[in-house]
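Here come two complexes built around chain A, the first alongside chain B, the second alongside chain C.
On to the complex of A and B.
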C-alpha cells in the first residue's frame, strides 16, 4: 500500500494527487496518487471496471474530478498549453474517432497541427500494416482502427504517450509490433509511456514500472524489478494470524491450508514480523499471481 | 412493471433510445396539431382532411422507423436461434398496431370525426411505410411520391375523400393489397443473404436501417456512439468534404470536420447524386401529372402547402438533430473525437476554444435557421402574401433560435444522454414541440389566409374572428415561452463558461 513513488511537483511528466471521482453512487477513483517517472514505461493493470480508463481520462484532463489534481508535462491537465499538447500522444480505449474520414484524409487533416509530425513514419507504417488509405475509418475493423489511432499518436513524436488498452483489438503480430515500438520509443527517444492493460504478459515484456488499480484505489506502484523482491505471498495459520499486519496488501482465507494467504510487502527492506510466526511460510510471486492475489 | 406496461413498451425497443424519443416527439407534435386542427378549424371548411392526414402521418412515421425494424429483429433472432422469437415479434407488432392504429381511431371517434375511413387511411399509410422500408434503395425516392400521385388521381378517377364514409371500402382494399405485398416481400427478405446484394443501390432499405438510418447516423452516440457508419454512405465512401489535402486547414474547418456530421462540410457522393436525381425526376413527373389533372389555382395551393410544410419541418428538424449530435458527443459514452479536440494544438486558450466551438456548432444551426426562415418568408409572400404570418414566423424563429442555442449549450455543458438524462432530452423535445404546436395553432387561429390555404378555399374566417380575446391569449403564451427560452439560454450559457475547458467528457 505504501509502495507509491514519492511525488515531487514538476518532475514527473504525468502525475496526480488525491484524485477522487464519483459517478452517481459509485466511487470510480478513491484518492489516487500517481506518478509516471520520466522515460518510464508504466503498465497500469486492473480488472474490468477497476477504474483504469477513468484514471487515464482524469490524468489527460478529459474529465472534471471531484477532488485532487493532475499535471501533464508539468502543466495542469485541465489547462494544457499548445506546447504540451504538441508533445502528447493519446489513444483512448475505443478509438472510434472520425469514422467519416478516409485514412489518408485523417492524417492530412492532423499533420498541419503538429510541428514534429513524422510523415515518413506514417507512410512506412501504412505500407507495413497494409491499411487501406482510401477507406473511410468507419469501414475499418476495430483492430485496423486501433492501428490507425496508434500511428496517429506515434506520428506526433510524443514526449508522453498514453495508451488505454492499446492491444485489446490487435492481432498477435500487431500487438508484438506495438510493444516493440513502445520499447523503442522509450529507449531511444526517452518517451514516457503509460499504458493500461489486463494482459500480464504484455506488461512483463515491455513495462519498466507497474501500477495496480483495484476498485478505484491504486494498491501499489513500483518498478518491475522490485516487484519480486518487495512482494511475496505469506501463508499464515489461523491460530497465529493477527487481524491485520503491517505491510499487508490483501488477504484470503485458505481452508485447505487452515489459515490465510496474504500478499505482503517489505517495509524498509524487511518482511513483516508475522513471517517469523510458527507455521508461516513466505513464497515469491510472479506478476500474474500477484495480480490475481490482489484483484480477487 | 405489470404485464400490460411491458407489452406496450415492447415494440419501441427495436429502435435505439434517441430514435424512440424522436418518434415520441414527432408523434406528440403531429397528434397535438391534429387535435388543435379539429378544434380550431371551421367545421364547414372540410379541413378535417388535414387532421386525418396528420394522424396518418404520425402512424406512418412510427412504422417506418420503429415498426419496420422488427424485420431485422426477426432475422437476427432467427439467426441466433432464440426460442419463442416468432411469438415475441408477433406480440410486438400487435402492440404497435394497438398503439398506432386502434388508439388514434378511438380518439378520432371521440372527437366526432369519421373513424372507419381514418382507420383505413392509417392502414394504407402503414402499408406504405413498410413498403418504403422493404423496398430496394433505388425505389425509395419514387415511393415518397405515391401518396401525392394518389391524391392527384383521386379527383379525375372520382375516388372519395378520406373524410367520406365511402372511402372505407376503397381504403381497405388498398391496405389489403399493400399489406399482402409487404408480407410477401418480408418473407423473401427473411431468407435473403444480407451480404449477397451486388451494390447498396440494390439493397433493401431495411438493411440500411441497421447502421445508417434513423438517428443512429446523426447521433452516433448515446448507446450507439460506436456506430462506425456515421458520415459514411452505404457504399463506404466518406460524405465529408475536405477543402484540400495540403494539411493546412483553418482551425474552424478542422473543428467542424472533427465534430462530424452535420457540422462538417459535406461531400456529395455519386450515390447521393443518383438518389437526388431520381427524387427530382419523380417530383417533376408528379408536377406534370398535377398540371394535367388539376386546375392552376389548386396546383398553386398544393405546391404552396407542400413547400411550406417541407421547409417548416426542416426548420425545426435540423437544429434538433444538431443538438442530438452534440448530446451524443459530449453527454454520452466518452467520444474519441472530443478527446482529440481537447488535445489538439492550435485552438488557443480555453476561451478561444469555447468561442470556436460555439461558432462551429450554434453558428451553423443559426445560419441554417436564417436560411430556412428566409425561404419560408419568400415562399409565403410569393404564393400567399399575408404579412401577419411573416411577423408570426419571425417571432417563432427568434424563439426557436433561443431554444436551439439553449439546447446546444446544455449538450456542450455535458448534459447526459444516458439513462439519467433521458428526461432531460425529452424535456427539451417538449419545448421544441410546444413551439411547433404554438406556431401552427397561432397560424390557424389568427391568420385567415392560413385557414383558407389549409381548407383549400378562397377565403375563411378564424377562431380569433369569433373570440376577440384569442389574440391576447396567444400574446401571453408567446411571451411566456420566449421568457422561458431566454432563461434556459442564460442558465446553460453560464454552465458552459464555468467548465475548465470546452472539451470535457462525462
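On to the complex of A and C.
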C-alpha cells in the first residue's frame, strides 16, 4: 500500500507521517501516513468514530499528537506562517461562531483580512442560498451555520480546502451545490481539497482520490478510478478459512454462500492466483460495497 | 431501412451513475463511443464543455477531461481550435452492425450470466428486453 502514497511531483499540500494519537485507553490514530496530492479532491471516508475528525485536527495542527508529524502547504502544521494560513480554507465539523455577530457583519470583517477575498462570490452565494444577512450567527440553524462557514472558506480562494463532514447538516440541494462548487474549484483553480464524510455517494461524484480510515488506521488510499478497477470481491467456496493470499485486503465468512468473501487487489495488473481456483468468482465492487466489506 | 435519430449533445445527454462499479470516466467514454458508432452523434457535432458536464452532474472536471482525452486518443473526438471538442470528421458514423454488436457483446454476456444464475427462462428475459428496446422503459 505504500506505493500509493508516493506523490507525483513537489510537496503535497497536506502530508502526514506516522501520526499516532491516544486518548486515555483508546487509540484514535494508529501510525497514519497520509498525502493529499496537489489538485486532488480526496474523500476521507470511515464510519462514525473511525478517527476522521481526529486525523483532520492533527493535520491542521489543532491537537498534539503522540508521534509523527504533519505539514500544511509545505510548513509544519504546528507552526504555520500567516501566509500559509491565508491560503487555507478550513471548516470544522461544528464551526465556532461569535454568536452575537450578524452574517453580513462577519463577512465585512473578514473581507479586510484576506488579500484574495472574493466578495462577488459571497454576494452570489448569499443571494442564492437565501441566508438571512441580518441575523446573528448564534440564531442560525446548524445547516445555515455550516453554509456560512463554507462560503467563508471558499471566499478566501484557498489553495487548500479542508472540510470536516461538510455535508452533514446540509439538505440535499445545498449538498449537491457544495459538491459542484468543490469539483469546479479543483478542476479550474487547482484547489486541493480534503473532505471527510460517511456518505459514500457524496464522495463518488467529486472525489478523485479516496482514503479509508477504519479504527484509527488508514486501510486504503488510492485514486478513485483505481479503487473501482483494481479492487474486487472474490468469492471462495470453502468450509475452512482459505490460506491468506497475496493482494488480500480483508475477508469475512459468508454462511449463506457456504464460503468466504475476500476483498482482493490487483498486483501489477493481475488478479491473485486464487481467482483461478475452481468455484472462485470475482465480482466488481461499487465503493459502497467495498467500504462495507472493509469496515465490517 | 435504418432510421438514425440525431441528438443534440448537451450535458444532460450523458447518463452518469456515480454508484456503479464502473468508473465515471469509463461510463462517459462508452456512452460517447456508442452514440458515435450508432450514428446519433455525427462528425462535427460539438460536445458539451468539460465545465458543463462537470457542473450539470456535480462530478469532478478532471474525470470528464480524462474521458474526452481518451476519446481523442481513439480518434473519435477532435479538439477544435478555439475551445471545445467535437466528434472527429474521421470518426465515420454509423459503423457496420457487426462492429456495433461487438460493443454491446460484454454486456450481453453479463446479462446472460445473471439470467442463468437466477434460473430465469430465456423467453421471459427476451420478452422484457424486447419491451425495453421498443419503449425505452
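The criterion applied here is as follows: the second predicted complex is superposed on the first by the 282 of 296 C-alpha atoms of A that agree within 3 Å, B and C clash if a C-alpha of one lies under 4 Å from a C-alpha of the other, contacts with A are read in each partner's own complex, and residues count from 1 in each chain.
Quick note on the criterion: a residue touches a chain if its C-beta (ideal position, glycine included) is under 8 Å from a C-beta of that chain, and two chains touch if they have at least 3 such contacts.
All values reported here derive from a predicted model rather than from experimental measurement.
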| item | value |
| --- | --- |
| Combined model on chain A where chain B meets chain C, clash or fit | fit |
| Partner chain(s) touched by A:294 [first = chain B, second = chain C, both, neither] | neither |
| Partner chain(s) touched by A:94 [first = chain B, second = chain C, both, neither] | first |
| First, second, both or neither for A:184, with chain B first and chain C second | second |
| Partner chain in contact with A:194 - chain B first, chain C second, else both or neither | neither |
| Touched partner set for A:163, first chain B, second chain C, both or neither | neither |
| Comparison of chain B and chain C by chain A residues contacted | B |
| Contacts of A:35 with chain B and chain C, given as first, second, both or neither | neither |
| First (chain B), second (chain C), both or neither touched by A:60 | first |
| Distance of closest approach, chain C and chain B, by C-alpha atoms in Å | 27 |
| Contacts on chain A seen with chain B and repeated with chain C across the two complexes | none |
| Chain C residues touching chain A - in the complex, by the definition given at the top | 18-26, 50-51, 54-55, 57-63, 65-66 |
| Residue ranges of chain A in contact with chain C within the complex | 39, 41, 176, 179-180, 183-184, 186-188, 200-201, 204-208, 224-225, 228-229, 284-289 |
| Residues on chain A engaged by chain B in the complex (per definition of touch) | 24, 53, 57, 60-64, 78-80, 82-83, 85-86, 88, 90, 92-102, 104-105, 108-114, 135-140, 145, 149 |
| Footprint of chain A on chain B - complex, ascending | 220, 225-232, 236-240, 242, 245-249, 254, 257-258, 260-261, 264, 333-340, 342-346, 348, 350, 420, 499-501, 503-506 |
